[in-house]
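Lettered A, B and C in written order, each chain numbered from 1.
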Amino acid sequence: MALSGLFEGYDPGGFFDEAVTSEGAPRDHYEALVRRLEGLTPHHLAERERVRDAAFRSAGITFTVYGEGEGIERTFPMDLVPRIIPAGEWEHLEEGLIQRVTALNRFLDDLYVGDKAVIKDGIVPQWLISSSDGFQRAAHGISVPHGARCLVAGIDLVRDAEGTYRVLEDNLRNPSGVSYVLENRAAMTRVLPRVFDDHLVRPVDHYGPSLLNALRRVSPAGADPEPTVVVLTPGVFNSAYFEHAFLARQMGVELVEGRDLVVDDHVVSMRTTHGLKRVDVIYRRIDDSFLDPVVFRSDSILGVPGVMSAARAGNVTIANAVGNGVADDKAVYAYVPDIIRYYLGAEPILPNVPTYLLWDADQRRHVLDRMDELVVKPVAESGGYGMLIGPSATDAEIAAMCRRVEADPRGYIAQEVVALSRHPTLVDDHLEGRHIDLRPFVLCGDRVEVIPGGLTRVALRKGSLVVNSSQGGGSKDTWVLASPEARTSRGRP
Amino acid sequence: MMPVTRYDVVYRTSIHYDDIVRASQNELRACPASDDHQQVVAYRTTTHPASRVLTYQDYFGTRVDTFGVREPHVLLEISAEASVETFPRALVTVSPRVAELRSPSFRDRYAEYLGRTGHTAWDDDMAEAARRVAAISGDDVVGIVLALHRFAHTSLRYTPGATYIGVDVNEVLAKAQGVCQDYAHLAVALCRSIDIPARYVSGYFFAASESTGEEVDGDVVSVQTHAWFEAAIPGWGWLALDPTNALQVGPRHITIGHGRDYDDVPPIRGVYSGGGRPNTQAGVEIRRQTAVAQQLQAQQ
Amino acid sequence: MLARHAESLFWAGRSIERAESTARMLDVTYHGLLEAMPWEAERSWMDLLKVLWLDRPFAELERGVRAATVSEFLVFDPDNPGAILSSVGQARENSRAARELISSELWEAVNSFHLELRSRNLRADVEARPHELYGFVKRSCQMIAGVAGETMPRDDGWRFLMLGWMLERAEMTCRLLDVRYSQLVTAGATGGFHHWLQTLKSASGSEAFRRRYRASMDPADVVEFLLLSRTFPRSVLFCLASAENGLARLEAGRPTLTRPQRLLGRTRSDLEFLDSHELLEGDLHVFLDQMLNGVRQVAESVALQYFRNAQEHDIHALDPYGPVLELG
């Protein structure tokens, strides 16, 4: 069945296309959406885009782009064509994500409050942990109820040329982007309401209550049965401030800065107009090194002096736990499949992307010879910063990266380029394939829960593989379809 | 019975501020460790203004006393009193070869103590110096460590007030003067630069009386906290040496704790809020119990 | 609520009102002097600076007291934290700091006022069309007040916003009366009713006054109206009573009065039982000064009662290496 209308001339281009088979026919779960879109005219779409822009502006959804002088507030570009994940596929992903985050929590607990069995048993070398910037010795001995050290995890998934989902990287410190998941859905229901009619899309708007519930579950033993939760932000000048405020609003809890909190006798309180009010759980969105100037950077004025001692005394829970960076170190990433096997005695459900460890002389030689075919990433960065994409890099960039790798082999990893799957995306007045990834959000309180879907990021520039918002990426609403059995019991979103 | 020496140690720090401070939050690392070479009998910390002290063992096994003062003050006094028994240390009875340093399992076991840190970031010149010293000692790791220890001792002139912590270790060597933590950092950097794991140790040292030059039981000796280093010997463990005094560490050394460098075991660290600038004074008094008292104790 | 947020809202309210009142007073002074002698003008501008407590900082600039120099100082001088431009900037920063507690509409209103003011050529406006400029400032501030009233829930955040707003307005109405009064004394025309009418106009009160006092030409009636009206929202009594009401709601259920409540109640009753004719026979300036002092004390006690906990974060590291200088 040929494609028409907006799909006129649509070419999967030899990549795995999410919506269209290599023969050019819509995949089953995209059938209804494709038919709807074919019926839209460019004029229609332009109008829908105006509705979208108005929706985002009125919701005040912006992120700050820093250029010269003052930051500029921009709206985050959401493409009008949603991404659809069928029920069966999602079940597989959900299972894999729960498995991975469960193992990572066990790993972190082992390192910080356990007897480091994973090192003693030779699964992960001591030196790898010792040399990780994210390993926080100051977190030694601080436990978290239920071992929920990654209270919120954002696991970046990609699909390769065969359509296999693979984990690209783990974000276990302060993964951001969930506000776009919720806002994209809210905007989408206004922009293309009728498209929802043909689908049974699983809702995402329970994220706020679910997050609050998870945070309450990790409140210290002996805390008030109605524990006080706060969101700790670096302040209005942080580029993710919108999300911090958004989450506080979604949960109905106070959004505080470091200066609003005070530690007295190892108990944390917030300063209110009516005196000090005790705080039980801090959902912090500031980095480890700024959290407590007594034990970390003494020049930090964003943090709370004594908050680490309060956590150690069991008077407050800090989420995500301090020191999670060791587990999302991109060099440790290469060991995650073994970590899963070690703690859970099971094969990883979601495979990694093939990764080369550059301190190994053989692997390094191999990588340095093929720099133009590989992706090289610094181990401790996130957001795509400092990354080299071999096939599109200049000779000078490659030479510079070679020098950096030689100087600090522990500081980088190399990966095979994944031919990321593509998705129909609106370009001017028609649809073209653009590369995408997926960041689902996993919540751990007393149990592990995955929010259906997640943030689909799309590289809006033609041919680009970089989806990060700071690097010209956009996003898509992501629909997980309810399984047919659920059709009778669930209402529409 | 193993000969035991018992000490009473009093560590005092007072911080005078030149203006009112609203609050302060601090960590104290002053309690002697209990290990194969020493045993703490009693320990107590007090602060003035009073505070609730929370105690924990840090990543390196050092006892930390952490506390906050949340009332306006211009003077904070902290004292830590310890009674501790020290035992003699065994002499090294192995003589591993340099090749054993390269064993992956040895390197991984001591991975924490092989790299550069803020205070031990050696440069090429320092590594070259370490290699020259090592070359004279041949293939014997213990011999190399002892030679590096001597080299650290003879490379610096003991000069109180000559340096501050934070000065680059290469600069310390170039200026050829320093105090105990400079000696310790230098020795650590020298060892690590030729792949010998080494760590920084913070502690107390019962020194000879300044007036008589003798070590007298029952007298109170006023000193400062001290620092030395330990090197990992394949097949043996840590060898502790005091490059400031050119001594093997023995019963007169009382260990507080160890780390990769000073920043892992500072005696005191903290922050405060308010307008004042701090003037910190620290001192240690050590009394070695008399032989009679020790005998009495042994009988009990 | 967080002490810091309460403090930000309090100052957001104050700053907006300050910008508006400063514009009003500039407008009155400017237009009151159009036909005056130069020496009268200098005296009047100096008096304006005095009632705003800005005479000293201005004198330090050594610019000469003229309409242009004083107006520029009060409108956009970056070194004057009380200038209209600075006040609006502070209102924006304080709104931003309490962004989560105010409505998006209010934030947008404050933000776009700030941006628009900044984009204007203020020097040219002050010179060529001061009335239009001050009108723009007044309208924008009133618009912000309207948006706030329409979109903010009546919670503690609203109460702190209004508390700052009302205390500042009470102060500013006192000052407006003071500056007008001193001008009249200077001109030797205490009875010049059209001057008082100007005052009423500058407080947007002439129509309300007419309805209340009909054909009255008595200055005492004007003073009474601006100080004691129970219905006119810029009268000092109205402002103090609103502030008092807000304070009471903040402490609903509390068996005793707080210190801010007691201080405010006293100041309000000093005013409320006043006879305006007696006042005009005595020294109005002295009385207004007392009122200003009373309001200032209320503001200070509010800060102590509610914002004391909002401390600036000044964390200093204990010189980590101090004690080891003498290490063994």
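FYI, contacts are C-beta pairs under 8 Å (C-beta built on N, C-alpha and C of every residue); 3 or more make two chains touch, one makes a residue touch a chain.
Just so it is clear, the model here is predicted, and its values are computed rather than measured.
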Taking mean C-alpha coords per chain and comparing to the overall C-alpha mean, nearest is chain A
Once you count every C-beta pair in contact for both, which comes out on top, A-C or B-C?
-> B-C
Could you please state the distance in Å, as a whole number, between where the Cα atoms of chain A are centred and where those of chain B are centred?
-> 43
What whole-Å value do you get for the distance between chain A and chain C if each is reduced to the mean of its CA atoms?
-> 48
How many angstrom lie between the CA centroids of chain B and chain C, rounded to a whole number?
-> 62
Residues of chain C touching at least two other chains = 311, 313-315, 317, 320
Residues of chain B that touch two or more other chains: which are they?
-> 26, 269-271, 273
Residue numbers in chain A touching 2 or more other chains?
-> 262, 293, 298, 305
Contacts from chain C onto chain B in the complex sit at residues 311, 313-328
Which positions of chain A touch chain C when the two form their complex?
-> 58, 60, 236, 245, 248-249, 254-260, 262, 270-276, 293, 298-301, 305
Within the complex, which stretch of chain A touches chain B?
-> 125-127, 129-131, 137-138, 140-141, 262-266, 293-295, 298, 305-306, 309, 312-313
Mind pulling up the chain B residues that touch chain C in the complex?
-> 13, 15, 22, 24, 26, 160-161, 164-166, 179-181, 205, 207, 223-227, 244, 262, 266-275, 278-282
Residue set of chain C touching chain A in the complex reads 1-4, 6, 96-97, 99-100, 104, 156, 160, 250, 306-307, 309-315, 317, 320
